[in-house]
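To keep things simple, chains are lettered A, B, C and D as they appear, and every chain counts its residues starting from 1.
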Amino acid sequence: MITQDTIPTRPNKMTDWAKLRADFPILDQQVHGHPLIYFDNAASSQKPRAVIEALDRYYERDNANVHRGIHELSNRATTAFEAARERVAKFINAKTPEEIIFTRGTTEGINLVAQAWGTKNLRPGDTILLTEMEHHSNIVPWQLVAERTGAKLAYLPVTGDEGLLDLSKLDQLLTREVKLFAFTHISNSLGTVNPVAELCERARKLGVTTLVDAAQSAGHLALDVQKIGCDFLVFSSHKICGPTGIGVLWGRQEVLDAMPPYQGGGEMILTVDFFKTTYKKAPHRFEAGTPDISGAIGLHAALDYLDAIGRENIFKHDQELAAYAYEQLTQLKGIRLFGPKTGRAGLVSFLLDDVHAHDVVTVADQRGVALRGGHHCNQPLMKKLGIVSTARASFYFYNTRAEVDRFIEVVRGIQKFFGT
Amino acid sequence: MITQDTIPTRPNKMTDWAKLRADFPILDQQVHGHPLIYFDNAASSQKPRAVIEALDRYYERDNANVHRGIHELSNRATTAFEAARERVAKFINAKTPEEIIFTRGTTEGINLVAQAWGTKNLRPGDTILLTEMEHHSNIVPWQLVAERTGAKLAYLPVTGDEGLLDLSKLDQLLTREVKLFAFTHISNSLGTVNPVAELCERARKLGVTTLVDAAQSAGHLALDVQKIGCDFLVFSSHKICGPTGIGVLWGRQEVLDAMPPYQGGGEMILTVDFFKTTYKKAPHRFEAGTPDISGAIGLHAALDYLDAIGRENIFKHDQELAAYAYEQLTQLKGIRLFGPKTGRAGLVSFLLDDVHAHDVVTVADQRGVALRGGHHCNQPLMKKLGIVSTARASFYFYNTRAEVDRFIEVVRGIQKFFGT
Amino acid sequence: MSDDLDDLYQQVILDHCKSPRNFHTLDGANRKGEGYNPLCGDNYTVFLKMNGDVVEDASFQGSGCCISKASASLLTATVKGKTKAEVQALFAKVHDMMTTGTVSDEGVGKLAVFAGVHKFPARVKCAILSWHAVLAAVEGKDGPVSTENESD
Amino acid sequence: MSDDLDDLYQQVILDHCKSPRNFHTLDGANRKGEGYNPLCGDNYTVFLKMNGDVVEDASFQGSGCCISKASASLLTATVKGKTKAEVQALFAKVHDMMTTGTVSDEGVGKLAVFAGVHKFPARVKCAILSWHAVLAAVEGKDGPVSTENESD
C-alpha cells in the first residue's frame, strides 16, 4: 500500500546514518548522567544544523516583511518565502504552489478547513466521517463545526489492540450523507499505516470530500497528493525536522477556489473599503497577516535535508527499528502491546502490567531515554481500548539499534524496580 | 498621555545607541553598493544577536514538544515556553500569565477575538466601532463577524492629512448600541499616538468592550494594560525584535473566562469523547495544537533586550528621529506630509508631487535606503485622503540621525531624478 | 537507581502504591470530591464521612500512577480526625512542599516523603491530585476538580 | 545614478511617464479593460475602438507609478492597428521579456525598454498592469482584472 503511494527519491543510495546523526547538535548531550536517547519523535522531531543555520542566515542577512515591500531585503524575504512554498509543493507533488497554504501546524490546517470549508458546505443532516484513531486535532474542530452547522459525526471503528481500521464497516458508514471524510495517514499512538489512497478512492466515488492528516507521515514516507487522491492534506513542520510555528495545508485548487476566507487582515485582500472587502485567490486568501517567514524558510531547509536522505530510506529505517523494538518487547512478561503486528510505522506503544505509563516514562527519563506516556491526544481511542494511557517510543532516522537495545534494558529495569 | 501610561523602566540611564546597533548583524551590510539604512521598522524590525542565539540554543539543547511530556527535554521546553508567557505578562503588566494567549501575530489575535468573543456577544443591531485609521487587520475580521452576526460597523473619523482622531464625534458614535470599540494605539501610516486610556475610559462607562491594536506601540513605549483599561490588547513579535510567527493576545481574565474556544485540537482540551469535549481555561483553551515554542522563547529574549534599553528611552529616540526627519522633509518643495505635526511616533509618511511612492522607494532602495511605499494596509484611510499610497520611513532605536540625513539627501536626489 | 529517583519513589511511596490503604468506597460517606488530571486522563474520587466539621473517615477510588495512588492512600490516612480548617491548612502546606521541596513545618508528618516530587515538575500534579479532591470534598464543592491551571 | 536604475528608468520611460500619450478616454470606444494592482492600489482602464478583430484606436486612463504609466502609454501606441491575435501574442512576448529580461523576438520593438524591469521583481507588476487590461479588452472580458497571482 505504502510503497505504491511513493515517489522514488533515492532508493539505492547507501545512507550513512551515523553521519546524519552528527548533524543534530541536540543529540550530543547527557541527560541525568546518561547519553540522551530521544524516542519522542512522534511528538516533535529534532532539527539538523542545516535548519538552524537557515534561520540564522535569514535573520542575519535577509529579514524583512514580505509581499508589500519593494526594497532589497523585502524582495529577498518574499523570494525566499515563496521559494519555500514551491519547495513544499514539490515535496508532496502538488500541481501548483498556489495549492500550498502555510498554517501554524496540522491543528490549524484542520481548523481552517473545518471553519472555511465546513461552514460553507455542511448542512443539518450531513455527516462528517472520522475514524476512532484520530488525534484530538482531527476530532475537536469537527465537533465545533458540527455544533455550528447541525451536521453530525460518525466514526469508522478500530479493530482493538491491533489498531487497524475496520474496513468491513466502511460500506455501511461511507454513505451519500457523508460530506467529508477525514482520517489520519499514520496513527500517532498505534503506528498503524492506513490505506489512504484506497479510502480516498472509495470516498471520491460518492463525491465525498477527503482530508488526510499527514502529521505522522509527511517526514517519514514519500507523499504524492495526486496519487493519494485526497482533497486536503495537512502536516506540521516541527515533526519533520523543521521549526515550530509553521505547517502546511494543501488543498486541491478547485476546492480552495470555492472556499470563503478564514481569518481576515493584511496580505489576503485585494481591496478594502470601510464596509466591503474583496479577497485574493488561494493561497493568499487564507494567509492573513504577516506569516511565519522564518518558519517557512526553516521548513524549506528541512525538506531539502529529508529529500537528500530519501524518504524511502527513512521509512525503511524507521520501520526496521520499530519492528525490532516490537519484537524485543513481546519477549517481556506482563506487557500489552498496541498497534499492528506487521507493517507498523516507526513507533511502539505499550503498557506494563501494574506500572503506569507515566511511571515508566519518569524512570526511563532518569536513564536518559525520552519516551512519551499518556493518551497521546487519542482519549476516545484509549477509552475504547479500556485504558487511559500508553507508553510510546517513536523513532526517526537518527535513532539506532543500539538505542533500542538500551531502551529494552531500561524497560526491564523498570519492571524490576516496581517489582512486577 | 503616553508618559502617563508608562512604567518607568530606566529613564536615567545613558544609552549607548551605537553599541546597541552592533547587536544587529543584519545592519552591517551593503545593499546595491551602499550601506544599508533600514527604515522599514513599522513593517518588521530587525533581530538582535541575543534573539537569534536564543533560537539556536533552544534547538541545539532543549527542543521538544511542550505540556504533554514528562522527559527532561519536554520539561525544559515547557518551562521555557511558560516562562515566556510570564515574561510577556510582566512586559504589559497583566495581572496573571493566564491572561496571555500566544497567537501568530496581531492579525490572528484580532481574528480570535472577533470569532470567539464576537460570535458569542454580537447580535443584529449591535455596533462595532472602529476608527478610520485602522489597519486592514483591524477592519476585515470585524467585517467578517458582522456579516455572520448581523452587527454593523461604524468608524470614528480621522481629521485629514494631520491624521488625528476626531474626538468631537465620539459622543455621537460611542453609544449604547456599541458592543465593541477597537482602535490602534499608534497608526502605522500616520504616526499618530492615540489617547488609548481616555478612549477606554469613555467606553467602559457605557459598558463597551475595548480592543487595543498595539502592533506599533508594544516595542516602542511602555505598556500597562491595567492603566490603559482595555479588555483586549494585541501585538506581534516580529515588529519588536522577536521572531516571526508569534504574537500576543492579552485579555482580561473575566472576559477570557466567558469566551468559547476558537480553534479545537490538542493542548486545549480537558476531556475528549467521540461526541463531546470539555475545554481547559484560558490561556490553554485558546491555544490548540503545538504552539510556536521557539517563537515564544525568541520573543522572551526580545522583551529582555528591549527592557534592558528601557522603552522610555526607545520612544524618546524614535520620536527624536521622526521629529528631525519631519522637520527636514517640510523644507523640501512639492512634498505632502501626513500625520500630526507634533507628538508623532517614530515614523514619517509623505508624498512627492508627481513622483509615485513606489518610484521613490525603488530609487531609495538603489541608494541603500529601505523605505516602504503603498497603502500600508490602510486602503480606506488612503481613499479618504484622496490618495492611494504614501512613502514611509519608520525608525527604531538602532537608527541614527546620520541615517536620516542620508535619507533626506536621497529624497532630494529623487526629486532631481524625476525632474519635478 | 539514581538519587533523584529514590527521592521520588521512596520506599513508603512504593509500598502505598502497591498496597493502597482505604482503597474502596465508603459506607456512610456524606461528602465526596473528584480530581481529574487532564495531562494523563487519571482521576480519583475521595470519599469522606464528616461529622460537622470533622472528618471521621476517608477512602478513595480511581486509578492512576504510583505517585498519585500513594498520595491518595497516605492522604486518606492523614485526614481522619482533622477538621475542615485543618485539612485546608494541610493542603496549603502539602502544596507548598510538593512544589518547592522544603518541608517548612512539622505538620506534614509522613507526607514529607512527597517532598522529592518537586524535582519532577511533570509529576507534581500526580501527587497533588487527590488533595484537590479532598479539598473539594471538605468544602462541599460540586463536580470534578481538575489540576489544570494548577500553578505548579 | 546606478546602472540598474538607468535600466529601469530609461529615458523613453521617463519621457512617457512625464508626458503619457493617449492619456484620455476614447470617443467611440467599444471595448475597455481595467487593470488593478493590489500591491499598491493603482489601476488603469484601457479603451479600445475595435473594428472586427482589429484595434483601430486605443487610449488609457488611471493613475499609478512612472513604470506603469509609461507602459500604458507605449502600449496604446503599439497596439493600434494590431489584430486580437497579434495583441495576444504580443502580451506573451512582453510578459516573457519583463520577467526574464531577454528580448527574444523582434516583435516587441520599442517595448524593449521594459526589459530592465525584470531586475526589480516588485515592479514587474507595474509594467505588466496595462497589458492585463488590454488583454481583457481585446478578449472582451468583463470586470477588472488584477495582477494578483500573476506568476512573475
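The definition used in the following text is that a contact is a pair of C-beta atoms (placed from the backbone, for glycine too) under 8 Å apart; a residue touches a chain by one contact, two chains touch by 3 or more.
As the structure is a prediction and not an experimental result, all values here were calculated from the model.
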item: Far-end chain from subunit B, centres as C-alpha averages; value: C
item: Separation of subunit A from subunit B, taking each centre as the mean of its C-alpha atoms, in whole Å; value: 32
item: Euclidean distance of C-alpha centroids - subunit A vs subunit C, Å; value: 37
item: Geometric centre distance via CA averages, subunit C-subunit B, whole Å; value: 46
item: Shared interface positions of subunit D, touching two or more other chains; value: 39, 41, 120, 122-123
item: Set of subunit B residues in contact with two or more other chains; value: 32, 68-70, 74, 269, 271, 358, 362, 373-374, 379
item: Topology of the chain contact graph, where touching chains are joined (line, ring, star, complete, other); value: other
item: Those chain pairs that satisfy the touch definition; value: A-B, A-C, A-D, B-C, B-D
item: Residues on subunit C engaged by subunit B in the complex (per definition of touch); value: 36, 38-39, 41, 120-123, 146, 148-149
item: Subunit A residues touching subunit B - in the complex, by the definition given at the top; value: 25-26, 29, 31-32, 36, 38, 40, 43-44, 46-47, 51-52, 55-56, 59-65, 68-74, 104-108, 110-111, 114, 132, 135-137, 139-141, 143-144, 153, 155, 236, 238, 243-246, 261, 263-266, 268-269, 271-277, 288-295, 358, 361-362, 364-365, 369-374, 376-377, 379-380, 383
item: Parts of subunit B lying in touch with subunit D, wherever the complex brings them together; value: 32-33, 355-359, 362-363, 366, 373-375, 379, 382, 388-389, 417-419
item: Residue ranges of subunit D in contact with subunit B within the complex; value: 1-2, 4-5, 8-9, 14, 18, 39-42, 63-67, 120, 122-123, 126
item: List of subunit B residues in touch with subunit C within their complex; value: 67-70, 74-75, 78-79, 98, 269-271, 280-281, 284
